[in-house]
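Please go over the structures that come below.
Two complexes follow with chain A in common, the first pairing it with chain B and the second with chain C.
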Partner chain A sequence: MKKWLWFGWIVVSLGLAGYYGYSFFQSENKQNLLIGDASYGHYQIELACSACHTEAFGGQESIQKACVGCHAEELEAAHDSHPKKKFTDPRNADLLAVLDARYCVSCHTEHQQEQTHPMGLTLPKDYCFHCHQDIGEDRESHKNLAFDSCASAGCHNYHDNRALYEDFLLENHQGAWVNALARITSPNAAAKLAPERIPAAQPDFPQQVAQHPDIHSEWSASSHAEAGVSCGGCHSDATTQAWVEKPGIEQCQTCHLNEANSYKAGKHGMRLAQSLSAISPVESHLPFKEQALSQHQGCNSCHGAHKTDTQFAAAQACLGCHNDQHSLAFETSPHGKLLSQAIAGVFPVEQAVTCATCHMPREEKTLMGHKVIQVNHNQNDNLRPNEKMIRPVCMQCHNLSFAIDALADPALIDNNFNGKPSQHIPSIDWARRREAK
Partner chain B sequence: MKKAALIATLITTVITLTACKEETEAKAGIDPKVYTDSLFAVMKADRSNYTKLIIQRLGPNGAGAIKPDEHWEDIENGALLPAQMFRAGAEAVATMTDDFTYSLQSLWPINKQNAPKTPAEEAGLKYIAENPGENYYGEETLGDVTYYTAVYPDVAVSPACTGCHNDHKDSPKTDFKIGEVMGGVVIRVPL
Partner chain C sequence: MNSAIQNNGCNTVTALQSCTKAGTVCGSCKPLLQQIVGDNSIPEKESNATTLTAAGLLALGLVALIGFWPEAQVATSVQQVNWFEGIWNDKFWKQVTGFSLLGLTAIGLLMSLRKRLSWAWMGKFSAWRLVHILLGIACCLTLVLHSGFHLGANLNQLLMINFLAVVLLGAVTSNAIGTGHKLSGSTASGSRKYMQWLHIIVSWPLPILLTFHILSVYYF
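Entry: the complex of A and B
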């Protein structure tokens, strides 16, 4: 009897070891190794374990390297108020013993989805308190404020305070709540860089051209035709020059490299950056339209294959999938009405407000020696915390006070800014009162 | 037999002497005071040069080509204030080595995070303020590491220093004069 027990134990142990060994070393699907669902910001790539766990025994440092590998650039652009380098001085040893601010995971724990904050990551409530608990002594206005209210919408952010610091509030406290409609500069990065990026030799595919006169006609009116990108420019493999029936991001990024990189940094494209299959709305936690659930995200999901209609991509494409209150309210919102008027020719389309105006803003950059205007295709870049939108987006047309109040009003965000903010954030008033003293 | 004993004695002597030499060499490492004094000399030279040769010469009091400002990242041609430049150096060094750290602190800081926190910082900043021209040297244990801590006076070298601090709404002291100690440079070396 004892022998059989031993035999059974060995068989079960070997079976388990084999199963997990296969999952770890061989299987593409590592679902059974997950210790808990990842946060809303990372669940798309939770099966690409090595994206974060770069070394088997690297510990906290290797995880930190992975965080920085993806997020360093955006933190630097945000003039991060609390970079690691501010905490490495030994004089902070007592503070680090309570909250080790040198590591992202001290606040943003992963695989604990049940603790996920509305911003899509885990976040303790008292992280400001430990270092700034005496702020009431310096700021009369801050006396008796709740310990977890520092990062309430409109006041402070841990990383990005570009629109919230005191001198900025003072410099921008004036102005009507809405100014004249800004004329958004048209993107020109692809056009300016085209001569250097379009391959000199593009293979000809006369047979396919002859088979699809309707597609050829659509292409003829597109910006691709204008820039000299023929069928072979997209429908070919860069190495073999062979026909590619359905070009993917590999072909698009030959010319639109920076757009593709920003796309792969956001939720739409982050799976592609990890060599996983493109994301599909069915995998998301957000509400999506029934017919869109099984579609896979790619450049063509918004831009169309041959028309390259950026006006469609800027709003209708988004509304074709997204089914949340904010999206559903767009067309009847003041912003949506402006878009309808622009389409009807009442004013130039550059003055319309689309989904992309706010969520994929245009940015000035210097690329390959050219000053260009480029669309940031990472729609998550300015989404959370939403005060990131204040300077590059809202203040194009609105004053600072309105922008702060509006972004702090969840009901107003839900109805896509159809009305006025229901509350006033007093930060500008406090700053002015202190200045007057 | 005798020959073997002689060889063994010689070998033992050589090993002992070599070990002693290594020990002596280890003990003869640079004196922490000389080390921190030398570091401070470099820091002071760079800080004075930046203030005089860049900010004074190219700023509003000179050619007007740059705009020194606390929020330099937010303005065109913005330049770091001398104190910010000093901190930027300290932060950059911290990414390169753990062999020493340094920071700029004051008994009258504009940013309260730069007020003294440890007993050694408190004692050092008080000492250099009360004894102009002198430095403070001590030891302290932070976390589980013991440090040699040196505090050097940071003296107002130009009207830009006194003007900015005296006019700033967050400055607890508004009557600084040129030549006065405004704060201190704290250098720490783990022992």
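Entry: the complex of A and C
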């Protein structure tokens, strides 16, 4: 009897060890080892463990490398107000003892959803208190302000203060709340860069062309036809040259590399960057239209397969899936009405504001020796916190004061800016008063 | 046993114990020995019976508390973080409490060595049993500090449930031993044996789950 019991224990132990050993060292799917759901920013790739846990037993340093690997560029672009070097300065050693801000995970711990605030923050919202508790002594205007309001009232952000720092506020305190004739520059990067990446030889697929005359005629009027991209340009595998029935991002990025890269850095494509299947709205936390729930995100979700209509991609495509209050209010909002008028030909499309104008903004860049205006396909690049949107987007048409007030008003964001901000953020007034002194 | 009674005249429990060494380690067979020698007196109280019963009840209460007490919440202000959050939600103290749990469990298992290898030099078995049970209670308290009443997810949740089940069955076993003298010989011995085995069998997955739990913390 006792021998059998020992045998039973060994069998159970070996079985369990085998199961978890396989999950640890072999299986791609490590769901059974997850200690909790990942934050809203990372839940899509929570099963691509090695994206963040780059080395086995790598500890905090290896995780930090992964954070920096994906986010260093945007932090640099944002002139990060709290870079690592600020905390490695020996003069700040006492502050480090309170909060080790050299590591991202000190404030953004993952897999702790019950402790996670917006922006993936896992500290109480008044974390500024740790180092700035005597701010009221330096600045009269800040006396008695609640510490949980520093970064939540449209005044400061921990990392990105490009539109909020004092000198910028002073330089931009003037101007009407909206410019009468705002014109947004048209993108041209795809047109300028893609032709240089078109493969010299594209396979012919005469049989398929003959089978689909309607598709062929749709394609003939497209910018792909104009640039000399034939059926084989997209419908073929780069190495085998074999026919690909449904081309995906692998084919698109042959020519549209920069667009694909920014797409893969955002919520729409981040799973593809980790070689996971494309995200479906059903897996997201946002509200989506019933009919869109099971669709997989890809380039073709917004850009028609054979008809390249960027106007459709800029608004109608988004509204085909997104079903939150902000999206639903777009068509009746001042921005949405501008778009309807532009489509009706009342004024040029450059004066219209679409979803993409704000969420996939056009940026000036120098790429492959060309000065281009490129659409940033990372819809998250100027969100979270939304003040990131002020300089590159809002201020193309509005003044700084209105933009700060509007983006700090959740009700106004919900109704898609249909009205005026309900409260005024006094940061510009305070900065001017301080300068006057 | 029969030969000891017939040939050597061992017709009392004490005599039978000295002839055969039966029931001299954990004493769980004593009621059976009483039956064999035809002793109808009320079984003797186990040493520390009252402490065993009280400790068993305390452990039961602690298991229920850990299982059903609402999860500790983090403070909404950095100015209000209390000492408890500073332990269960802190990476350094998590390791301290975690390895303390491992240590307490390992020391508790020494009782098994004393029993199975009959190492008399280790001292009285009954003392080790008491230590085992008190360590079980200490484990529950350390577990509260380690987890903050969070039951975890996936592997961690499985480990937590398994650990609580082991403590729960240990607590019931402790009660069965502590109150055994109030039951008839065969009922006392049967319930005690049954609970002990359940306690042991449910602890089977624990070493592997614990190994992978610790491994996962440092691996990822």
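The criterion applied here is as follows: the second predicted complex is superposed on the first by the 423 of 437 C-alpha atoms of A that agree within 3 Å, B and C clash if a C-alpha of one lies under 4 Å from a C-alpha of the other, contacts with A are read in each partner's own complex, and residues count from 1 in each chain.
As a convention for this text, contacts are C-beta pairs under 8 Å (C-beta built on N, C-alpha and C of every residue); 3 or more make two chains touch, one makes a residue touch a chain.
In this text the structure is predicted, and so the values were computed from the model without any measurement.
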item: Chain A as common anchor, with chain B and chain C clashing or fitting; value: fit
item: Touched partner set for A:A56, first chain B, second chain C, both or neither; value: second
item: Superposed model, chain A: greater residue contact from chain B or chain C; value: C
item: Chain B versus chain C as contact partner of A:A77, first or second or both or neither; value: neither
item: Touching partner for A:A97 - first (chain B), second (chain C), both, neither; value: first
item: First, second, both or neither for A:A242, with chain B first and chain C second; value: neither
item: Partner chain in contact with A:M368 - chain B first, chain C second, else both or neither; value: neither
item: Touching partner for A:R434 - first (chain B), second (chain C), both, neither; value: first
item: Inter-chain angle, chain B to chain C through the CA centre of chain A, in degrees rounded to a multiple of 10; value: 80
item: First, second, both or neither for A:V68, with chain B first and chain C second; value: neither
item: Shortest span in Å between Cα atoms of chain B and of chain C, once chain A is used as the common reference; value: 17
item: Touching both chain C and chain B, counted on chain A across the two superposed complexes; value: none
item: Residue numbers on chain C that touch chain A, as the complex places them; value: 71, 73-81, 89, 152-156, 201, 204-205, 207-209, 211-212, 215-216, 218-220
item: Complex contact set, residues of chain A against chain C; value: 5, 8-9, 12-13, 16-17, 20, 24, 31-37, 49, 53, 56-57, 59, 114-115, 123-127, 129-130, 147-148
item: Contact footprint of chain A on chain B as seen in their complex; value: 70-71, 73-74, 90-92, 94-95, 101, 103, 112-113, 117-118, 121, 142-143, 145, 147, 169-170, 186, 188, 190
item: Contact footprint of chain B on chain A as seen in their complex; value: 79, 83, 85-86, 88-91, 93-94, 96-97, 131, 134, 138, 162, 165, 167-168, 434-435
